[in-house]
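Some structures to go through are shown next.
Consider the two complexes below, in which chain A is the common component and chain B and chain C are the respective partners.
Coming up: the complex of A and B.
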C-alpha cells in the first residue's frame, strides 16, 4: 500500500502533472499583456534559471509555454521563499493566453517546469552584455538583466535595446527607467510612433550603431520575432561579434515541454530540451532554411 | 533497449535453446494470464492481421499470411499452419505501449484548491509475436519516452510492466528492409523470450530461448524438449535466409548526412506532388511518437482532464503558432518526416528513427516508398543539390512564418 503522501509525491514526480500555484499579484503591463506572480501551494518546483520556461495550465482550457520573466519579489506569507516564486508575463493572443491573462489574485494556475536551456550568463563575465528584445521577447530577458545587475561588477557595459510595435506595446516602461538609473544603457524604438512619441522610430537593429558594441568583448542575448533575431544577429556578426557569443531564444509549438510531443523540432534540435536558448553558431543555418 | 523489459531482472547469458511444440501455446497463454498479463498478439480481423488483446492461442492467425506492396495489403491463405507467417500489419506495439489516446491526469477544483491525480496504474501487457524490427522499435520508443531527461508516465508504466515475446522473421514481405537497417531479421536483445517458428507438415514447433530471467521462468513452465543441433541449425538457416529475401533495401549511404545535405533538394517538389499529407505513414510507424494534448472539462467546469492524443507532423497545425504555421507546404512536411526518421533522430535520441518494418510503404495510399525517396535524394545529391541550394539568403521569406 502506498500512503497518501507517497502517492502525492509520485504524482508530483510525474513531469506531466501540473502543480497548482496561487496568483499572488497581477499587473497589467499593456492592453494585451499581464505580469503575474505565482506562489506554490505545497512543494514548489525546482529553482528556475533565466531563459527557462514553464508550461502554464489554465484549468480546463489548455496549456502553453511561458518563459520565466522574474523570480518572486516578495516572500513569506505562507507562499514559500521569494526565489521559488515565479513571475510570468503573458501576452493574450489566443484561447489559453487570454484565459491566463484574465486570472485574478487568489486564483490557481497549473505550472510545470523548469524546462529548457537558460541564458548562459556565466559566458558573459568580463564582457559587455548586450541585450536585444523585440515585443514580448523582453519578458524572458528581464530575469537575466536583473541577475546581471545583482552582480554588476562582473560585466562591462550593460546595454539593453528594446523594440516595440508602438508606444502602447512597450513592456515594463517604469522598470526601463529604473534600470537606466542603475547604469543600464537603455535605448527604445517603436515601429509605429503614436501621438507625442519623442523617441526612436524604426527596427531595433537601427539602435545597434549608436550603441556601438565594442567588437571582441560583447556577449549578446536576443529574443523577439524570428526575423528580428536574424537581422540583429547578422548586424552583430558584421560588427565582428563571434556567433557563439550570440544567444537567441527560439519559439516553436510545444505541447509537453519534456521532449515527448515532437512539436518543437528545428532540425536536430528539440527546442524544449536543446533550447529555447541556443547559440547562433548552431541556430543560424537552421533559421535560414525555409519551413524547417 | 539493451535491457530486458522487466526492470531489475538480470539478463540471462547465452541460454540453451529448447523446442516447444505448437501445442505449448495454450500453456504459454495460461502462464502469462496467471502472472496477471493481458496477452496482445496477432489475429485476423476485417481482412487484415491486426494486433489485439487475445483470450486464447486459438485466436492466432494460423495458416494466414499477407501480401504487401507499396500501397497494397491483402491477407492470403498459407499452405501451412504457421501462426506468425505474416509481415507487419496496420498496427504496431506502440498502439498498446503509447496508446492513441491516454489520460495524463485529471483534476478537481473546489473553492480554494485543485487536487490532481496522475495517469495512474497502467495495464500489464504480454506482447506476443513481436518481430525483431518491432523489438528494435520498442527500444527506440524507450529512448524517446522513458530514457530521456523526463519519463512519460503512461509509456513507462506500460513498458516497465510489459513482457516481450519476439518471434524471429523467416519470411519477410515485399516491403520489408529491416536487414538493411541492421534491425533484423534475428532478435538480438530487448526480449524476454524469443521464438523461431518451424513448420514441416504436422511438425509445427518453435525454437525458444529466453532473454531475461522472467523469460526463463516462463519457458520452464512450458512442455518442452532440449533443442537438437539439427533443429537449431534449421531455425538459424531460415532466419539467415530471410535476411537475403527482403523485398527492399535502404540505400547504403550516410543517411543523416544525406538528409542534412538534401534540405534544399529539388526532390521535395517531386514527393509533394504525390504525397497527400494524410499522415497515414506516421500513424502506422512503430516509432512515430508525436502527440498533441486535449484539455476537457465536465459540465460543471470543475473537473478537468488532459489527454494525450497521437499527432502527425503532416498536419498543418502541428507547427501552428500565434502568427501562423512553420511548415505550410507539403514539401516541408514530407522533408520533416523523412529527415527526422533517417537523420535528425540520431542527434536527438542516438539511433535511427526507422527500423525498416515497411509499414509506411504499405499503408501510404499513393505508395510512397521511404527507400525509394532516400535513393532518389542520394542520386540527386552530387552536384545538383549544391546548385539548387544557392547562396546565403537572408530574405524575410526564408523564415517561413508570418511576423507581427
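Coming up: the complex of A and C.
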C-alpha cells in the first residue's frame, strides 16, 4: 500500500507537477521585459544548468517555457544541488507572458524543470568564448557568461556581442558595463538608434569583424531570433569556426518539457529534451524545417 | 612614403583578395588621413571623389530626415571600406559620413582608381571582387533589419500591416 508520504514524494518527483516558487523580486528591464527572482517554497527543483529552461505557470492563465537567466543569490554557487532560487527574464508577448510580467513580489507561480540541454561550457575550456545574443536571447546566455566569469582562467578571450532592436530594448545595460569592467569584450549594436544613441548601428554580425575571434580556438554560443542565429552561424563559418563549435538555442512550441507529447518535434529531435541547445552541425538543416 | 603606404595598403583586410602587384598600383593613388571624433568625412549629395579603408576607429553613415534630424543608418568599423558611390555615375554620396571617434584611414583618389580600372580590366575586375562582397553583405544586413526580427509579435504585425497598406510597398525581391 502506498502511504500518503510516498504518494507526496512520487508527485514531487513527477516532472509534470509544478512546484510552488514565490516571487521575491521583480525588476523591469525594459518596457516589455521583466526579470524576476523566484524562491522555492518547499521542495526545490534540481539545480539548473545555464541554457536549460523551466515551464512557468501563471495560475489560471497557462504555462510557458522560459530559460534560466540566472541563479539567485543563494541558488547556485555553493548553494547545493537544488535550485533554491531561480531568475527568469520574461518578455510580454501574449497572455501567459503578460501575466508573468505582471507578477508582484510575494505572489506564487508554478515551476517545472530543469528541462533540456544546456550550453556545453566545458567544450569551451582553453578556447576563446564568443557569445552572440539577439534581443531576449541575451537572457539564456547570461548564466553561461556568469559561469565563465566565475572560472575566468579556464577560457581565453570572453567576447559578448549583443544586438537589440533599439537602445530602449537593450537588456541588462548596467550589467553589460559591469561585465566590461571584469574584462569581457562587450560590443552592442542596435537596428534603430533613435535620439542620443552614440553606439553601433547595424546587425549583430557587423560586430564580428572587429571582434575577429581566432577561428580555430573559438567556441561560440548564439541565442536570438532563428534567422539571426542562422546568419551569425554562417558568418562564423565564413571565419572558419567549425560548425560543431557553434551552439545555438532553438525554440519550438513546448508543452510537456519532458519529451512525452511531441509538440516540439523538429526532425529527429524533441527539442524540449534533445535541445534547446544544439550544435550547429546538427541544427543547420533542421532550421530550414518550417513549423506546422 | 610610398613604401609605407604600400605596407599599410597590404595590411588592410579589405584588399586581401588583390594580387600584390595590384595592391602596389592601388597604393600609388593612396595617402594617409586622420579624422577627429565628430569630423564630417563627407556630406550627403556631395561629389564622391574618394574612398577610404578604415584602419582604426569607426564612422557613422547618416542621412538628414526632415522632422527627425540627422539619423545614423549604419556604423562602419576598422577593417572595412567607406564609400562606393564613386564607382558608378552620378558619383555622388547617397549618405553622409561622420567620424564617431578618432579615425585613421587610407584615402584613395577615386577618379585615378577608376581610370586604372578602365585601362586595365583585370585590375578593374579585381577591385570589383573586393567591393561586391561588402556590398552584398550590407544589402543582406539591410534586408535583415527590414524584417525587424527583434520586434514583439504585435509590433511586427503592425509593421507588416503598415507596409501592406503603403502604396509604395514593394515586393520582397
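By our rule, the second predicted complex is superposed on the first by the 274 of 292 C-alpha atoms of A that agree within 3 Å, B and C clash if a C-alpha of one lies under 4 Å from a C-alpha of the other, contacts with A are read in each partner's own complex, and residues count from 1 in each chain.
Everything below uses one rule, namely that a residue touches a chain if its C-beta (ideal position, glycine included) is under 8 Å from a C-beta of that chain, and two chains touch if they have at least 3 such contacts.
Everything quoted here is computed from the prediction, not taken from an experiment.
> Between chain B and chain C, whom does A:153 touch in the aligned arrangement: first, second, both, or neither?
Neither partner.
> Which partner does A:197 contact after superposing on A: first (chain B), second (chain C), both, neither?
After superposition on chain A, A:197 lies in contact with chain C alone.
> In the superposed arrangement, which partner chain does A:205 touch: chain B (first), chain C (second), both, or neither?
second
> Could you figure out whether chain B or chain C reaches more residues of chain A?
Counted on chain A, the partner with more touching residues turns out to be B.
> Touching A:259 in the superposition: chain B (first), chain C (second), both, neither?
In the superposition, A:259 contacts chain B only.
> Scan A:94 for contacts with chain B and chain C and give back first, second, both or neither.
After superposition on chain A, A:94 lies in contact with both partners, chain B and chain C.
> Going by the contact rule set out at the top, does A:15 touch chain B (first), chain C (second), both, or neither?
Only chain B is touched by A:15; chain C is not.
> For A:225, is the partner it touches chain B (first), chain C (second), both, or none of the two (neither)?
both
> Output the chain A positions appearing in both contact lists, the one against chain B and the one against chain C.
Touching chain B in the first complex and chain C in the second, residues 93-94, 135, 165, 225, 227-228, 231 of chain A appear in both lists.
> Provide the residue numbers of chain C that touch chain A in the complex, in ascending order.
That would be residues 13, 58, 60, 71-75, 77-80, 100, 140-141, 144-145, 147-154 of chain C.
> Which residues of chain B touch chain A in the complex?
Residue list for chain B touching chain A: 104-105, 107, 109, 113-114, 116-119, 144-145, 148-153, 263-264, 289-293, 295-297, 301, 304, 306, 308, 311, 313, 318-323, 326-329, 331-332, 336, 339-340, 343-344, 347-348, 392-394, 396-401, 403-404.
> Going by the contact rule set out above, which residues of chain A touch chain B in the complex?
Interface residues on the chain A side: 10-11, 14-20, 41, 57, 59-63, 93-94, 97, 108, 110, 135, 165, 225-228, 230-231, 234, 251-253, 255-256, 258-263, 265, 267-268, 270, 273, 287-292.
> So in the complex, the part of chain A that touches chain C is made up of which residues?
32, 91-94, 134-135, 163-165, 169, 189, 191, 193, 197-203, 205-207, 209-210, 212, 224-225, 227-228, 231
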